[in-house]
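What follows is a set of structures for review.
Here subunit A shows up in two complexes: once beside subunit B, once beside subunit C.
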Partner chain A sequence: MSNDKDFEISAPRKIKKSVGTKTFEGISYLLLTLGSIICVLPFIIIVSGSFTDNTTILTKGYSLLPRDFTFAAYQTIFKSPKDIIQAYKMNVYYTVVGTGLGLMMITLTGYVISRKEFKYRNTISFLIYFTSIFGGGMIPWYLMYANVLNLKGHTLAIWFPALMSPFLVILMRTFIVGAVPDAITESAKIDGAGHFTIFFRIVLPVLKPGLATVGLFLALGYWNDWYRSSMFSTNSSTWQLQFYLYDLLNATTAMKQMASNVSMKTADLPTESVKLAMAVVATGPVLLFYPFVQRFFVSGITVGAVKG
Partner chain B sequence: MKTKYLSGISAICLILTLPFFDWIKLANLVALFSKMGVTMDMAANLYTGYNLYNLLSFVQYSGQGTLGLFAMVLLILVFATLYFNIAHIVRALLNDRNKAKAPNPHKASDLPLLAAAKTAFLFGIFTSAATIAFVLFANIKYKVAGFIPGASVFLILVISVAAYVFTKKLEKVERARYNEHGFAHEFKKNWVLFIMLVPTFVYFMINNYLPMLGVYFAFTSFNFRDGLWASPFTGFKNFEFLMKADLFRLTKNTILYNVVFIGVGNALQIIFAILVSKVTVKWFKKTSQTLMFMPYFVSFVILKVIVYNVFEYQYGLINNFVTQAGAERIDFYNTPSYWPFLITFFYLWKNIGYGMVVYLATIMGIDNEIYEAAKVDGAGELQQIRYITLPHIRPTFIILLLYALGSIMKGQFELFYQLIGNNGVLFNVSDIFDTYVYRITTTQPLSIGLGTAAGLYQSIFGFLIIVVVNFLVKKKNPEYALF
Partner chain C sequence: MKKKLLSAVMTLALLASVVGCGSGSQSAAGALDQQGVSEIPATEATTETAETTEEAAPAAAIDLSEQVDLVFYVMGDAPQDEELVEEALNEKLLEKCNATVDMQFSTWTDFQQKYANEITSQGADLIYIANWLNYGQLASSGAFEELDDMLDTVAPELKALVGDSALGMCKVGGKIYAIPNTWPEYVSNGVKYREDLRAKYDLPVPDSLENLEAYLMGIKENEPNQPLLAVTTEESQGFKTAFDAAWALNFKYSWVNINGLDYGLTANYDTPTDVYDYWFSDDFVEDMKLMKKWADAGFWSKSALSDTNNSDAYKNGLCVAEIAGQNPNKQVTAIADFTNAGEGWESAYVAYGETNGVIYPGHATQNGTAVVRGCKNPERALYVIQTLLCDDEVNAILQYGIKGTHYDVVDGIYKNLQEEAGETPTFPYEGFNTWNMRNGDTKLPQATDVALQEMFDKYAKLGEKTKFPNVNIYDGFSENYEAYSAERSAVGNVMRQYLAPLQAGLVDDVDAAVEDFRTRVKDAGLDKCREEYTKQWVAYCEEYDYK
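Let's turn to the complex of A and B:
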């Protein structure tokens, strides 16, 4: 899926542009610039807030550009980095384990339900799809992990529930069907290759774009999740990064409340700018990688929108 | 034909499963009731014989929560048996017609009919065996021979087993004739594929299918003394309470928000996709697309930070501007009327890029010669969009719309929770099913039954919407149907 090639299509160079076309293009540029600004502005607010002196925020409020530029917030964070490093470590752990195992299971499943000679492939596809249109609800799901399997406080409860999703399984099946023509697997079969040989030697090597796309969707989901920590964690040392951030936001709010109750000076603690700096640190990796991996997400959602 | 006998047997099973016969009889009443702690008052509500349909009322009036889940499973099984027997009989009646209509007359076998028969009898076996297991379970639990299975249970068990074996034999003959294979053959041939599916099977069982049994809690009133498995069965009390209190508000909020999200979202996504496709400067095209897709990649916790920064009362960006302009501060976090707009805005902020990418890919796939020809014929920009672009993205739109309708009762839990959190002032305009149930799960364990009931209502309502919409779409244009 190369974007550059697609972009060339809509450039009519031979026919002279009419006034209507020109007006329309002008409007396009205007609206797209506006849309882009609206999408980026919040990030700028966060970043500049993280570099603004905390007292300035408290007296003058948040602003678009940093006022009284300072690294104080980042220094505060990295003065006692133990907690955030722990949260980072756990997040990397969940992301790596979850993405690795999930990708393996999704690919195997996608392979099985793409085999034409497999009699039950449609039944199994439907049973997987069915989970996305009907479920027992959140509480039975929660009780399954917390009370039946007794996984409350265990890291397994945080990465296991997000290993697979019907959307990704169907997406992977579409990728496999597109990447490996039946004729090739058929001839390999005639040569005596088993399913594992076909899977590892023939399917996997040509499936790199599919693996990258599904893997990135999984990884993004794991990196950005906070929800399972809020349900299953009993100890702050197992928190996901986003939940650590979430807790920090609420805790500093609570702290401020308390300080104002006993009329103590909150300005001693750079609470506001630290929150923002923490948000920058937590999102950094995602936005850093984003321009390079964007095309995989684009291919994923365009392939996924075609009915599987 | 021998298949006629099978449907006759199904009819007998069907009659036996109807609620005319006692499947479970109570005996040694005095000893049993004293073991169960049933008082005279409670005993007035009890019968001496039960079928699987009213067994739950026994659980309720005798206060035996421990038996509740088992009784519910029996109820589901008996309904399944009823359904599969009827399905089998209907199929048998239509069999000749179906065979005549089959596209390939050489393959028009009785195998589908036999498979239906097998399912029906198998469920007959399951149900009767499970009833016997229930009786044993209860008797061992109370250490009294207080429950006795009725004659019809054994009758169904024997009939079903015999009929199942008979069906198997017929199937074998039929398979040999049409050169078809069954599960055993498939397993022998493709056992590797089954092995590959084992982790997936475990995952979906734990994460999705087994929790479905937990809907039982919707019919109980949880308390800590009895615990999850023995809390009293209360029938539809939770649903009644929900109906009086929150159900209307939750349904209204969930559906309204989703309708707005889907409608406005798709419209804006299409508009922006068209705009991007009109841009000829490459770097601008790429950059605007990248920037507008970016919000999709940040977590909702970051969204919380952003919203807080912009709308906070004292330090927020907007109030900053407002006070600089000399006006009064706006108290966003205590004024519900702003939030429907804010929630919608930030939904759009996060999701415009995603749908835009899909529509853009479709628009890029349109043959440019069509536009050229239209231009030669003098069509303006708007006319080109109206008569070329929009008709071409219709299929994509319908597919996205169907996907979205599928989750119309679910909706954006993380968005709502991170924006509103536990701010009770705003619940009236912002509470959806997911946030309501989440609050109960994490903070009010005593309302577990209520929360499960809300979740079950949400699931069933959403499921019905999908099935109905899919049915209508399938009738109109089968290509677009989801399943």
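Let's turn to the complex of A and C:
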């Protein structure tokens, strides 16, 4: 706060302003540095832990640099990599199918409700928006897919429920309204273009940042989701990657707890370092991929925000 | 005007969404209740048909002409060879009951929620039940089929095998809703300690509070750098204790036990309906002073209250005894761990019940099978349960997989062939997690089970001498706290905030801290909880004749 004040008061005089700006910048840099350290540190600890000997983790705790450096955890994972590769494959499948179809449906819907000549666009927009405020809750949602649509155990149940979200549809509509002035579509219409021509040849080409943003939202959502596998999968070969990892963790804790009630085997549970290595294997590719599309993400969100 | 209207609508919408969220969490129970109500006529219909068939053909009571496909919902993760074993199992089941079983697994993620979903959606026909999955509450809200009549008509063999006493423990409101497994299992809590260290320094066996103290003190004197106990608050999340070290008091009182009563109430095993108070007694102050003495002696870390539970601490030598949440099976695991580690460590076990004289096996509802209400063929489902549990051939496939591929029996002991060959087993022992299908007569022991069985035999002999011989009178009780859930959670908070440091001995003045705890827990509404709880508990004891 005090910085803002300095800034305002000293605005007319040039030299003082730069001092104020400098303080402001200094503090921003400091805060941002702290923020990024807070974000990065846990990840470094995960990576270093995955290269640390398991007993060292248990006896000495985690450290920033791996003590007793070893590849043992990765060797364990890749000794029988069948499960993790399967989970990867399924995750790619869900992400590609879900993002592709979802993007198509969201864009088409967004286009339709952005057209002024569409009589019921307000009603339909409202209905879409309405679902973002009022939801049936978890049980009806589950019963809908499990009993009414009978999708339990089907891979459809994993990608279908997340194809569209009200937020993304409205975001897309805003994009279309902002990117394509009425004059252009009108002139296209005069030249004899139908809605499909307008959509594919005029709207889509100027919609790239919008597509990238919504696509990234969808793709990240699909990549990181585990909940639908948890609810609907009946076979571990259809699991999403994140669920595979999450369940591994949960199985360890649950079985340790259970062991106080029931006679059961608790050996053969994954060790700390294996769990960490799993996390690295699962997040690694996304981490490499993310910086390249991040610019779309940032610009896309701000565009949407300003025009909304 | 329009704007105002809009903002009013938005506010309402927001409010409604908040309210909506609030009720969402209760919807599982609500849905169950509704289901129970709507489904009751259906069951009456089935019982009627059951009766008519009985009249028509008293001997052979079940019609096997049509093939029935059942879903069997169990806990945990599927084994790798799920399909292979299921195929082998179904081959036999088709032959014997003209039915197939599709095993479905909850996984360990969100399993409580998914278990409730499964019952609400009636996706399964057979389902694993246990007291830790709220069997009592679910049964009383109508989640499962009543089995009383069907047991006589369809599954007399099963009824004879399980026995009336165990079936009686599965009764809720006078009706049987579940078939327990028939393997008596002792999960008696106790102290796991390092026998090698005890022998090395010639210390007493920690079989009482004094001896435990002497054992820990002895090690502290001889190996000052050795951490002694790795106690946290994680084994004390209920309404009995607030810090793990307090479980050691089980040596002194038989009712300081995970099966004991809540809210600082106690009842002796011999006189369960005679409920009295502990937190406001002089014993309590004395015990808390002992805890402080132990804390001051450095038995556990000063940060114990905020530490997270490290269940590998004992295995890695980071503590020399474990006193909370232990059971014979964990001891057996520890023996195997120490053998693998090869450092010459030895683990030994003393059950609290050996000292205080009260010991009993797990309750019948600990591992059982129920037929989900809404199952289209409840009779066949029960018949399949009978086959799975009583037919040796089928039971062996279900529990151990395929003989020759997954396991073999050498000298009457189970051997996992893949484990022997150094591979990851594709179908481990009880690979379907069907702990509810353990048949005590035919259960194959694993190599480690020899030690386990020795302990069980010892406990069974002790259990014979109690007033209710080898009967767990506590675990069938399920508290219904709807009427005082606010007070209950307030009491829980006070326990975490004030009882935990007291039991961890991390207070300066025990007397003052005890007084503080007493006033606060009273203010939180302890009396209301106690009153209701006692009422329910006494009613439970009367119902099952524990007097």
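Miscellaneous remarks
Here is the rule we use: the second predicted complex is superposed on the first by the 256 of 308 C-alpha atoms of A that agree within 3 Å, B and C clash if a C-alpha of one lies under 4 Å from a C-alpha of the other, contacts with A are read in each partner's own complex, and residues count from 1 in each chain.
Quick note on the criterion: a residue touches a chain if its C-beta (ideal position, glycine included) is under 8 Å from a C-beta of that chain, and two chains touch if they have at least 3 such contacts.
No experiment lies behind these values; they were computed from the predicted model shown.
After overlaying the two complexes on the shared chain, residue contacts for A:246 are found with subunit B and with subunit C alike. A count of residues in subunit A touched by subunit B and by subunit C gives the higher number to B. In the superposition on chain A, contact of A:137 is made with both subunit B and subunit C. Contacts of A:282 after superposition on the shared chain: subunit B is touched, whereas subunit C is not. Touch criterion met: A:55 reaches subunit C, while subunit B stays clear of it. Contact with subunit C, but none with subunit B, is seen for A:236 once the two complexes are overlaid on the shared chain. By the document's definition of touching, of the two partners only subunit B reaches A:149; subunit C does not. In the overlay built on the shared chain, the residue A:119 is in contact with subunit B alone; subunit C does not reach it.
Shared contact residues of subunit A, touching subunit B in one structure and subunit C in the other: 58, 133-135, 137-140, 142-143, 147, 226, 230-231, 243, 246, 250. Across the complex, subunit C meets subunit A through its residues 13-14, 16-17, 20, 23-24, 27-28, 31, 76-78, 82, 104-105, 107-111, 113-114, 117, 120-123, 130, 132, 185, 187, 235, 258, 310-312, 316, 318, 325-330, 333, 336-337, 362, 366-367, 424, 428-430, 433, 435, 452.
For subunit A in complex with subunit B, the residues that touch the partner chain are 3-4, 6-7, 9-12, 15, 18, 20-21, 23-25, 27-29, 31-33, 35-36, 38-40, 42-43, 45-46, 49, 57-58, 60-64, 104-105, 108-109, 111-112, 115, 117-120, 124, 126-129, 131-144, 147-149, 160-161, 163-164, 169, 194-196, 199, 220, 223-227, 230-231, 242-243, 245-246, 249-250, 272, 275-276, 279, 282-283, 286-287, 290-291, 294, 297-298, 301-302, 305-307. Within the complex formed with subunit A, the residues of subunit B that make contact are 181, 186, 190, 192-193, 196-197, 199-200, 203-204, 206-215, 217, 228, 272, 275-280, 282, 284-288, 290-295, 297-302, 304-306, 308-310, 312, 314-317, 319-320, 349, 352-354, 357-358, 361, 364, 368, 371-372, 375, 380-382, 396, 399-400, 406, 413-414, 418, 421, 434, 437-438, 440-442, 448, 451-452, 454-456, 458-459, 462-463, 466, 480, 482-483. If you check the complex, the residues on subunit A that touch subunit C are 55, 58-59, 80, 133-135, 137-140, 142-143, 146-147, 152, 226, 230-231, 234-236, 243, 246-247, 250-251, 253-256, 259-268.
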